[in-house]
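There are two complexes below, and they share chain A, which is joined by chain B in the first and by chain C in the second.
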Partner chain A sequence: MSVVPIPARRDTSPAAAQGGRGAGLSWLAVPALVFFVGFGVIPLVGVLLLSFSSWDGLGDINFAGLESWRAVLSDPGLPHALWVTFLVMALSWLVQTPASILIGVFLAGHQRYRAVLAVLYFIPLLLSSAAIAITYKALLDPNFGLGAGLQIPFLVQDWLGEPVLAMGVVIFVVSWQYIPFHSLIYQGGVRQIPRSMYEAAEIDGAGRMRKFFSITLPQLKYTIITSSTLMVVGSLTFFDLIFVLTAGGPGDATRVLALDMYKRGFQANLMGPASAIACILVLVGLLMALLLRRLGGRDASASQMEGA
Partner chain B sequence: MEIRTTSRRTFLSLSMGLPLGAALAACGSSGPTRPGTAASSGGGGGGTSATYWYLSTQPQEGVRTRTMERFNKANPNGTIKGTTFQNDAFKTKIKTAIGAGQAPTLIWGWGGGTLRSYVQAGQVDDLTPFFEQNQALKDRLFPSSFGAATIDGKIYAMPCETMQPIVLYYDKRAFEKIGAQPPQTWGDIMDLVPKFNAKGIAPFSLGGQSRWTNMMWLEFLFDRIGGPEVFQAVFDGEKDAWSNPAALDALGKMQELIKAGGFIKGFSSITADSNADQALLYTGKAAMMLHGGWTYGSMKTDGGDFVPGGHLGYMNFPPVDGGKGDPGNTVGNPGQYMSISSKATPEQKEIAKKFFATELMSDASVKEWVGTGAVPIVKGADAAFASSPDRDFLNFVYGIAVNAKTFAQSWDQALSPTAAEVLLDNIAKLFQLSISPQQFVTNMNAVIGK
Partner chain C sequence: MATTLTKEQARTTARHAGPRRRSAGERPNWLGGAVGWLWLVIVIVPIYWIVITSFKSQSTYYAENPLVPPADPTLANYKMVIEANFIRYFLNSLVVAVGAVAPAVAVSFMAAYAIVRGSRGRFLRWTNSLFLMGLAIPLQATVIPIYLIIIRLHLYDTLLALILPSIAFAIPLSVLVLSNFIRDVPKELFESMRLDGATEWGTLWHLALPLTRPAVVTVTIYNALQIWNGFLLPLILTQSPDQRTLPLALWSFQGQYSINVPAVLASVVLTTLPILVLYVLGRRQLLAGLTAGFGK
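Our next item is the complex of A and B:
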């Protein structure tokens, strides 16, 4: 069910854009539309219906009106889970974006060793979140982990047992996993910037820093928005990693909405409230995606090549 | 709960993150449950087959597989087809399969609250008539194991496999180091804490992230202070049952022990899945550990010289001064349980019943279970212990089970999944000291009977 928010991403899918461009091309959108309806809309409607029912996952599904919504909205756990979700979203964005831009800009050069580095950087992305979580959990174990093994006192901390440290570990591991992906996006973005702009700037006597802040960064505006949208909406679905790493703990310090949904639905057998949370997740995802699109500004469709 | 000992490969349970459609499709493809096709293709001489999903933890998987194979050899016209699963994957998959009407013929589980939810959904057959017809089979099994199989006076599952009380383990070497004896009372425990800490040994090992590990402590404290009635009232859904003064006393004592440094530093980030808590005991980092009988086998396998060298000590949880509970009582798993799916065909149900009556707890199976260092839930199983290298431990466990006035089922298994989840959450917070005993009581009273 963690897949549910994905339709939010599809909100900006090419299918919608093509439909508006001309009726002649609209049949091209049919396969996409079929998949979108089959795997996006229908489950979404199903979840919405489930949120108005009571079901333990085993017996009959009974209509229960607003009971699940009332239970979820009056639960003090919800504001907490929302807060943790936004915290994870904000922190992971803050850590990932600058790092990804810097690595992306660095990798956009054309020397051969950078190609090798790019491949190395990419490795974390190829591993599954669960495998990463298990590995980090073993490394961070206060008694048998890296710190104890290498006898480095600083590393011997109760990493996953203190609320603040646990949150830090989650952000670190998430960043470690996804920075490569976003670096790749930025690398592509940087390579799109016309060389002539840099040449002109060099003639005007601009230095390295000046070129970065006056050309590279502004030209990356739309790449930043794309990457941020992926980060923000993607952070709503961080489930596997947190589930394996901390299981939402200690206490409920890292209990994000997606985890809350899973625990209610599959561990506590409360499919109704879990579906209500799934709907909230979809809403939050949609809102965040729309907000970021707005941030892109009215000139979002203007050519980036203008300066050339 | 025995399966929890091994690494719960939690990542397998991530399949639950798939969309419902895909999950159901997966059940359909790998689920051996196509009663219609199985029955119709049976004409060719292969016969009908019943289906059975079980856990892939060794050495238990081997015993289960061989038990099934012996049955199939004796009954070539009505065989059982088995599929193995990891613990967490099984728990979710079986629930999804049952909800989708695609359950295997034999539904394996822990009884209690989960079984109750199956019964309420009308998904498992009433086995009371079966046991009336097979009185000898019923008499062969420990009566205490039937409690978790009985819902509203009817038996819905056959108790099987092994009994696993929770045991207080200790490292004899650690006690020699501080020149002390194993604790005889709760007061002794509190006295031992500073002594061990002074020597740089953690008094108790605990895999707190798993939550149910913490729960074992409360189960014993509640019982020793107030007797089994305290939790029974919760189980029976009595209003404000958690407000019992004995419960508050137990919760307070628990937090006292935590504040005194009774548990290893960082216990709330240690999981029981990786057996790290057991490793703390056999590597000498912790002196004692409250854990299930199932950990004996893995400590023997993984702990090097620890078990064979005679360094492992074990005892029942000590009494609490002034407590009302019988110190002979125990908690844990009174057995494992196997039900028959109501959705199975009559032929499949017949095969299942034959399996229950002839092979599931046959002498051959009992012998194999003893071989894994576990105590089968069969009366007189101790006769098979004499030749076992683990006979001391086996006799100890058997003695606990036979002598216990109450063998209570683990709380998270006894309660409904809904209440159990809230319970585990609150226990984690109690051990984090982020809620007070009073808040715990208030939170838990709110979900009584749910």
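Our next item is the complex of A and C:
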């Protein structure tokens, strides 16, 4: 995104070859490091330590060995919460990715639509998860919601009262909130595909579908990895949306790990088991990021660095 | 600079860009178009519904067609929400957002500059890896120790309790996006600054910052959005109504007026309005920045 109108010129001086004066700059990174270590790294270590403690959130913190882990791992709620978390992750990925790619390709191609769309299209990005959850709760209300008001029988269902429907609503609302963001990422990715590739394909007589599957999609590989990493790690943090929308219900149908952690920790005052759940959450996040890195050959961060 | 373009200029650019993009033999993308417009409808209907419903009285809400604007729009819902301490919650959110975003962007920019310009150092490489690791970790998982730290610092139920962790949470992505942009500044410019005798601090301030202003604006808006809409930290780190931020206030409104849907939706509109104004002002910048920042 350089805005400098200076012609590229290779500098062959020894200083440039060494990449400038590097060592003296370290102090500039210290303030960020202090904040990140203080409220990111230390809590990360802390959550592991707290998982070996018994703490009610108020009193003293006592070492309790493996008690919390034993309690969490033997609780049938854990496999269920893990399953729900993976289900939300997989389904929201499956819905969001194809839609975001299609919309991203569309937005990258046509300037005049883009101007119209860009104004309204990205509003979901601005709303808080709490606002979105509250809106959909009212909108889907079987007695007073949109379906009842318009007398559309299909819409008049107990959307948040049936486990399968509630899961469907969560996936829909998540997609509603995040597809604009991911289509933006794909739009940027499509813009970076060299035109010459399409021109060459056109000379060879390739049609739109052929160009899409043979050029656009393969060229978007790293964008897909970037977007998927953000999507997958992000799906682990869908706490507020689900908390306000369904509170994990009906029953435990939408009780994801993050919600499980909150409920055990801050509602049941079991900070030890809640910390164990948090550790599992971190582990799942890291594993998924590593897996995506394997799939793509490099991870989101690397793709950003090498792409620059 | 995108924001300084006039509408006329922007239109001209678009007109020139249009035919060039649609090269020989390219037909309109019907499938993409259909999905794009369908999605627009899916996005717009709920938003339209929120806005018109917020002007309805409770009785007309139950009686009227939900998609028809009210015959006699009322501001009573807005009045009620504003009287329910909305200004206080708004100011709290503002303090937290400004108090967290300004330092977060400042320290992230300094770190990004150091990482790009001094990438040979072991310390900086290690720091960069640490920030990148932060991207792969759901930082919400660290809220229990953060809660403990905030209590021990005697900051529980204060706005500062929300500001400090918010800064930390904003750093990984900010450093990533900013360093991507700083990397695009031609090396020659840094060299000539150096030959002119500028210090690194001066170079950062007078060269890197002005040249990467679009990225700084993007990161600022993005973080402001995240923090303004934050829910979990206010939920666990504050307690008294006086320290509530808007999303939390929204949630408690919902409990309070659960039967008065128009009033709840008026509060949704009011909490979104400030960020909507920001969006309208910085839309080009935000969208251009996000596409470039994440699309690489």
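The rule is simple: the second predicted complex is superposed on the first by the 260 of 308 C-alpha atoms of A that agree within 3 Å, B and C clash if a C-alpha of one lies under 4 Å from a C-alpha of the other, contacts with A are read in each partner's own complex, and residues count from 1 in each chain.
One rule holds in what follows: contacts are C-beta pairs under 8 Å (C-beta built on N, C-alpha and C of every residue); 3 or more make two chains touch, one makes a residue touch a chain.
Just so it is clear, the model here is predicted, and its values are computed rather than measured.
In the superposition on chain A, A:Ile134 contacts both chain B and chain C.
By the touch criterion defined above, A:Leu281 lies against chain C but remains apart from chain B after alignment on the C-alpha atoms of chain A.
When the two structures are aligned on the shared chain, A:Phe35 is found in touch with chain C, with no touch to chain B. Look at A:Leu146: by the touch rule set out above, it reaches chain C but stays clear of chain B. Legend: residue contacts after superposition of the two complexes on their common chain; A:Ile242 is shown touching neither chain B nor chain C. Comparing chain B with chain C, more residues of chain A are touched by C.
When the shared chain is aligned, chain C comes close enough to touch A:Gly189, but chain B does not. By the touch criterion stated above, A:Gly109 is placed in contact with chain C alone, chain B being left untouched.
In the superposition on chain A, A:Gly57 makes contact with both chain B and chain C. With both structures placed on the common chain, the touch criterion links A:Gly46 to chain B and to chain C. Counting contacts as defined above, chain A residues 1-4, 39, 43, 46, 57, 128, 130-131, 134, 137-138, 141, 144, 239-240, 243-244, 262, 266 meet chain B in one complex and chain C in the other.
Residue ranges of chain A in contact with chain B, taken from their complex: 1-4, 39, 43, 46, 56-60, 128, 130-131, 133-134, 137-138, 140-144, 157-161, 166, 239-240, 243-244, 246-247, 249-252, 262-264, 266-270. The residues of chain B lying in touch with chain A in their complex are 10-11, 14, 16-21, 92, 95-96, 98-99, 117-118, 120-123, 208-209, 264-271, 274, 276, 279-280, 285, 416-418, 420-422, 425, 428-429, 432, 434.
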